[in-house]
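For reference, the structures are reproduced in the following blocks.
The two complexes that follow have chain A in common; it is paired with chain B in the first and with chain C in the second.
Entry: the complex of A and B
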């Protein structure tokens, strides 16, 4: 009994003096560089980061750096522009235009209806416009620009993000939200109810190359994969920061969930 | 100096005079022959701190926390501290204590702290600690009533016993990176929820899947601390860290940890 007590005391003492030598931080951050080739007039982008501190969507002015981008003092057409697809007060799709104003950063410009036609609505200021992981947007450049790089920065995502995809042949700009290159058939995306009703009725991904060429990949329900219109599975990689179009053929809206491809190890 | 030694000698003699009394006072003297070295092999800087720790019977030397407090404040006691002098050695120190305070069943450990901060100045938070095992002169005036004194001759090599990691100070919160911004080859990181009793280290990598986080700033990068920067923790306060990256970096991730 006495030995047991002594042993217990020794173990208790050992436990009492155990001490932590490292406390890992609660989050990780980073930046990525997206290459914009020379003479690129438009490119679909997507921010793979979350906002620092609070997580979730980051504000446009925080997550997309103007470093290295073309600015103008007073003419939006001479500056790089960010164009985001959103909906107006009555639910109609519209593009918000922001331009890189010298000394200011991303400045609001105007709003354009999807399909053309300018509206009188001034976009939400860049410091208040949330750019969620999983959603895409355009970079629009002035003509004949040299190659440059665009920086995105923020918090490394640890949570999945859901993106709504409206039905009835609706296009939505999306991004895989990954910080590593991923194949379009990665299992890091939960595609809810992808639609396949024959050759003309398949949901589609449309990816624009740096050369401006758009490639289409269709959803083949029998194998549950994105393949060419001929049913060929190709290795198609989405780079971090790149976005693409999703064409929803189905009549019903659906929600797709993008999970972090890599969760940082502590 | 001569006068000081005479006074100390007088104290030692006075303590010895109480020799056979169970209530006697003992005199303890401490110094090292040097040169002592940090765990990284560099010579101990003048002004560095030594701790003479009394380890009670049944306990082990559990070391100190970043803020200098003992991890095991019951089984360990700091009997006295020493200071490094020219020659990278612990200067002579003498204390007088009741014999019953440090019973002979216990033992002594001489702990060399590494308090170098990001500017390589001593006096910062405890970044490392080692138990000195060589070249120690530690004697009690009547060591039959105190723990066994040490008189370990100088040896080749570092003379350090397993350099231990310093425990994080109690109450330290997980740090949070509040923002990141790149300016050329410099990346500015702001840290929230920091403490003035913890050191912070920023690690980075380029491939999250490879999980190869490293500290690009070396030793100095491991010793980021509010005290050195004269920043007090509190609402709205942020601890800045700057990391140098390659000019052609296309991707870089960062995380921070408290030590």
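Entry: the complex of A and C
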């Protein structure tokens, strides 16, 4: 009963915050809601907040609410799943899978190598896995689900955050950390260096639609913009809480920095 | 009722095709060093699918299928003695179960050249079918030395005559 009361209070607070101006400032706490359309099978998300309320750290179980998400008593495949990209002991990229277990919340499931193939590494429990601002993760849904809303909560960011992008054709899931919609060419992101060697490769952003269709945008060094592979600049908006892939073509790693208050490019 | 069923089937096919779309990253470096495979100014390029997986000599474009957008303009350049097409991300929405993709380059005098090298329809390093597991490989059609490009001949005269005869026969059948 107490749990239900707390949950109701959290949702009410979320609705109230959404209905008002976005809070900005020291120690401000915020919620965002991400619309998940019906029949979405997988979607890249990101947390635009700093450390969560509880325990002073932005742990997965604290940041991402299970409210409104599909749960299952004993079948992970029949529940919504959160999939985070991390590295194993030898530095190879792996996915940790968590599923929404009825009455428990985000429960560890299994670990899969990026590119396929299960490993025997058990994911870190959700209450100990930090979800960093600036990084993305996946939501995977069972088939034929109705539309829902995913809630994320945390502290409004006041500092810039740096995200490392390893080189050598490496994919990184990133999030703009934005509290309002931003264009991919927003000036609120500082790119340390982007790679454009034309026929030898270009850094890319890959955005996956709710229907699962992947769109690719290349870095054009002559104009320092993300454009289509044909060299056309399009308005491409990232919604708050959404994430995307960054493909780093250059051999050297780089770092990109997201500013806390995101202002869409005019 | 029959019409509704057909529409439903068409929508279903469309959905299946979408879900099987693949994305491939490719580029081109076309040698223009005068070795006999000279390209008189690179003007455009495109990805082509060949079901058999090999591009038979002297077959022209028969049995091939253009995929994605014909690349022209800004991504295409000629510099340093090389024709260049900057990196492309081409989506193939047709479901494949075999075959390979080639890069074809076109020059300013109407000749076409294809990469001898190709990528397989499901080559994991280059072809992305699952957005959760994207392929980071870049297929570069051609390298220096002009050794990896072959001319694509026009369909031969006999084939054209055969096509013409078939068209005439079909027309005659329609009249009777």
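Just so it is clear, the second predicted complex is superposed on the first by the 227 of 266 C-alpha atoms of A that agree within 3 Å, B and C clash if a C-alpha of one lies under 4 Å from a C-alpha of the other, contacts with A are read in each partner's own complex, and residues count from 1 in each chain.
The rule is simple: a residue touches a chain if its C-beta (ideal position, glycine included) is under 8 Å from a C-beta of that chain, and two chains touch if they have at least 3 such contacts.
All of these numbers come straight from a predicted model, not from anything done at the bench.
> So in the superposed three-chain picture, is A:249 touching just chain B, just chain C, both, or none of them (first/second/both/neither)?
second
> Is A:90 touching the first partner chain B, the second partner chain C, both, or neither of them?
In the superposed model, A:90 contacts neither chain B nor chain C.
> If we overlay the two complexes on their shared chain A, which of chain B and chain C does A:180 touch? Say first, second, both or neither.
Only chain B is touched by A:180; chain C is not.
> Using the superposition on chain A described above, determine whether A:143 touches chain B (first), chain C (second), both, or neither.
neither
> Quick one: in the complex, what on chain B touches chain A?
Those in contact with chain A are residues 58-60, 62-63, 65, 71-72, 74-75, 165-168, 172-183, 187, 189, 191-193, 198, 207-209, 211, 249-259.
> Could you please specify the touching residues of chain C with respect to chain A in the complex?
Against chain A, the touching part of chain C is residues 18-19, 21, 23, 25, 27-29, 69, 71, 73-75, 77, 84-91, 124, 128, 131-134, 136-138, 140.
> Tell me, which parts of chain A touch chain B in their complex?
So the residues of chain A in touch with chain B come to 9-10, 13, 16-17, 19-33, 35, 52-53, 65, 67, 149, 151, 153-156, 179-180, 240, 262, 264-266.
> Quick one: which bits of chain A touch chain C in the complex? Just the residue numbers, please.
Per the stated touch rule, the residues are 42, 83, 95, 114-116, 138, 140, 169-171, 198-202, 204, 206, 208, 211-214, 216, 218, 229-231, 245, 247, 249.
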